[in-house]
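You will see two complexes here that share subunit A, one where it goes with subunit B and one where it goes with subunit C.
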Partner chain A sequence: MARLFAQARFIIGALVFVLALAVALPASAQRNSDGSVNPTASSVKEQQLLGTLQRGGSINGRVSIPDQKSANLIHPGGRDWRHFHEVTLRWIGGIAVLGMLIVLVAFYLIRGQVKLESGYSGRRIVRFNAFERAVHWMTATCFIILAITGLNITFGKPLLLPLIGEGAFADWAQWAKYAHNYLSFPFAVGVFCIFLIWIAGNIPNKVDVEWVKRGGGIVGHDHPPAYRFNAGQKMIYWVVVIGGTLVAASGYLLMFPFYVTDIQGMQLAQTVHAIIAVLFVAAMLAHIYIGTIGMEGAFEAMGEGTVDHNFAREHHALWLEQEMARTGPNESQRQPMATPAE
Partner chain B sequence: MKSFLLACMAAVIIATAAGFALSTVQKPADAAYSTTGVRL
Partner chain C sequence: MARMKFLCDADRCIECNACVTACKNEHEVPWGINRRRVVTINDGKPGERSISMACMHCTDAPCAAVCPVNCFYTTADAVVLHSKDLCIGCGYCFYACPFGAPQYPKVGNFGSRGKMDKCTFCAGGPEADGTQAEYEKYGSNRLAEGKLPLCAEMCSTKSLLAGDGDIVAQIYKERVTRRGYGSGAWGWQTAYRETIAS
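Showing the complex of A and B:
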């Protein structure tokens, strides 16, 4: 009996010793060799951080709220993205938009307005019907608002906020973001309609090569023939169709966060969206220039839907021939004479 | 001018419809990424 008690005492003693050792080990790990407490002993190790940086991954903690993405403590890739949208994008956007403005002002000062060399004949021909103009203006109006509100996201904080103060900037930025989100839908509808209604006239052909070789009538005073859309207009068309599709697709990835892609995918979408958008703005500045003050008689085409015969002859001679053959030589004379939009 | 005004009207109508559609499928960030409980 005494032997049995001795064995039981030994087993219990051994268990207590093991338990005490297990409890003491973590505590000893928190201490330095000299016995002082090391408060960072259980924190993230440098090697772990370096490994995460190399893999492009992230370090996660633990949270109790439903959205487990908030457990992400460090995502080193986010620093590259932050540098892009806080520094690199501003340089790209500034150079693209200001650069284009400088080029256009210089071009206007050197070349001046592209004049209607043979003057107004008084005979008009329909260039764009009401539906085409409505689609153009819906897309254009939305684009201008999207461009202003989009540029506000990139340049508002450094340029506008110091001028109008935090309160006004916060209100403006909030409403600008609503406008940016909601007007993207009519813009996308407009881009799709533009693709459908003008695709037939915007397929590149040999006439475009000759048009480009001869400077398109923009450089110099030559008037290379063109069908309904010349090579310059075709470039704008494809910028709108391809650029518009890319900004819309990347924008909707951002508007529906985490629906389709993860954080890396959204950072990529934002990068694509921003770069295409600032280049798009630069291209549209050129389009607006040549469609208004850059070329005499051009605005009338989209403003009232008709152009003067001499305008059509100088800039779209092949198209005018087609229209004359289709409608007859006297058809166009029935159009009312318009006042030049200058 | 008529085409321009029609275009603006169409843009507003489509944008408003999109706004209503978005509000049915999305929640504001303060609702989507939090709980109703208070944490101290």
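Showing the complex of A and C:
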């Protein structure tokens, strides 16, 4: 009886094994037409993988070396980034920077300098204290160097390299890169300080709507009233704060490659950094223009820290009233302990 | 002149990593840099394949296009080389490269990535062939000695092929015809805009 039972168990076991084989076989050993086994029936094919690839995706695998970036076998997305860097960015940058220069030159030729209409009164009022000016000029100096060295990465090869040769250009580009990386730190600190010291005067309000409606007095001889900062200045402020933050954040991603993100993230960081940067440069060209040759008496505000009473009356009438109310009309020089208006 | 190409026959690669080791040894590649690596796709699953990958010496190379200092050049053998004297270590070639070939000796703090290093197809650099200066920067120049890249030369299964693109493609085609299958010339579509029918 026990023997019979053992036999039955053997037969059932064998049947189950054969059944399992019969199920498994078609999947593991597909045969060619001539009967030979095709061991590659289920193998991955490059064409299939490339075909199913998402835009910006890559064919990944496993590597046995520590550098896990190298597990990225094929990444066709580099081609899109290349097109951005070599073509799109040059167009965006060229149009933004050259376009702004052309607009400014044309504006200067047509409109000319915005004159101080009532002339210099000789009485001065403090507009920016020493700390504010120090922050401004630190940020500005860094920005100019960052802008030149940054534009060099995109436009140096087609414009400067043919003029000075490969060796000299590589030396310059190397130093430019160091300057770009290191000066980013004081620049970022400067942007943060700017955000803090001038935020009070830069919240948009109703006066700005009126100011914008009257065109800011840019054309003609209108002088719409403004507090410490008019709508145009507020725009520059927010360009610096928001643009500066984005440029710094994307820049630090590039400076510490692959710490936070992967190859796609690095390409995106470079794209964002470059686009914001060229627009930033264009905006700052306008700022530099209006702060120097564009408007009589404007540079003094950031140069020596004071402006003429008539300048304040024409461009920042409401601010002048506030200051007068605070310090009294006979006090021509306000105490340097300045706090932002409003 | 020949148009040099790599071809990795994934159906033969056994992921022994000898090509990686041979390359590191031949060129005294700095610590942490792998000019060549073996990537295993679908690891542990049916149809797993390993592919040895390095710089593919692309036609119209993306690295050369995006380099801000023009440090890349293509030799008469269509090998893409670069000058470490000109390189500023910006890392852009890595962003553009479809194969992750460019490597940097330092891991990028404060812009000190160092000079980029990559596979030279055993063809050295811009220095005079076989000089000590060339060896120190780029490794040995086997092409100038009439030899082909060491990784392929010592591949035990002859999976990795290196040499004149037409001859390499011919060998691969014959293999595919004879054995009846092939998973494709990995990277060729991306690097040369051509594939070998299989």
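One rule holds for everything that comes next: the second predicted complex is superposed on the first by the 265 of 342 C-alpha atoms of A that agree within 3 Å, B and C clash if a C-alpha of one lies under 4 Å from a C-alpha of the other, contacts with A are read in each partner's own complex, and residues count from 1 in each chain.
As a working rule, a residue touches a chain if its C-beta (ideal position, glycine included) is under 8 Å from a C-beta of that chain, and two chains touch if they have at least 3 such contacts.
For clarity, every value in this text was computed on a predicted model and none was experimentally measured.
Colleague: For A:70, decide between first (touching subunit B), second (touching subunit C), both and neither.
Modeller: both
Colleague: Does subunit B (first) or subunit C (second) touch A:103, or do both, or does neither?
Modeller: A:103 sits against neither subunit B nor subunit C.
Colleague: Scan A:166 for contacts with subunit B and subunit C and give back first, second, both or neither.
Modeller: A:166 contacts subunit C only, not subunit B.
Colleague: Does the superposition put A:86 against subunit B (first), subunit C (second), both, or neither?
Modeller: Touch status of A:86: second partner only.
Colleague: For A:59, using the defined touch cut-off, is the partner it touches subunit B, subunit C, both, or neither? Pick first, second, both or neither.
Modeller: After superposing on A, A:59 lies in contact with subunit C but is clear of subunit B.
Colleague: Let me test your reading of the model: by the given contact rule, A:207 touches which partner, first (subunit B), second (subunit C), both or neither?
Modeller: Neither partner.
Colleague: Who does A:182 touch here: subunit B (first), subunit C (second), both, or neither?
Modeller: Both partners, subunit B and subunit C.
Colleague: By the touch definition at the top of the document, which applies to A:47: first (subunit B), second (subunit C), both, or neither?
Modeller: Once the two structures are laid over each other on A, A:47 reaches subunit C alone.
Colleague: Which partner reaches more residues of subunit A, subunit B or subunit C?
Modeller: Touched residues of subunit A are more numerous for C.
Colleague: Just checking: does A:249 make contact with subunit B only, subunit C only, both, or neither of them? Give me first, second, both or neither.
Modeller: A:249 sits against neither subunit B nor subunit C.
Colleague: Touching subunit B in one complex and subunit C in the other: list those residues of subunit A.
Modeller: Of subunit A, residues 65-67, 70, 178, 181-182, 255-256 contact subunit B in one complex and subunit C in the other.
Colleague: If we count contacts the way the header does, which residues on subunit A are in touch with subunit B in the complex?
Modeller: 65-67, 70, 130, 133-138, 141-142, 178, 181-186, 189, 255-256, 305
Colleague: Can you check the complex and tell me which residues of subunit A touch subunit C?
Modeller: Spelled out, the residues of subunit A in touch with subunit C are 28, 32, 36, 38-47, 49-50, 59-67, 69-79, 81-82, 85-86, 152-154, 156-157, 161, 166-167, 169-170, 173-174, 177-178, 180-182, 254-258, 263, 266-267, 270.
Colleague: Which of the residues in subunit C come into contact with subunit A in the complex?
Modeller: Residues in contact with subunit A: 10-11, 15, 17, 20, 32, 34, 37-43, 46-51, 53, 62, 65-71, 85-92, 94-100, 108-111, 113, 180-187, 189-190, 195.
Colleague: In their shared complex, at which residues does subunit B touch subunit A?
Modeller: By the definition above, subunit B touches subunit A via 2-4, 6-8, 10-11, 14-19, 22, 26, 32-35.
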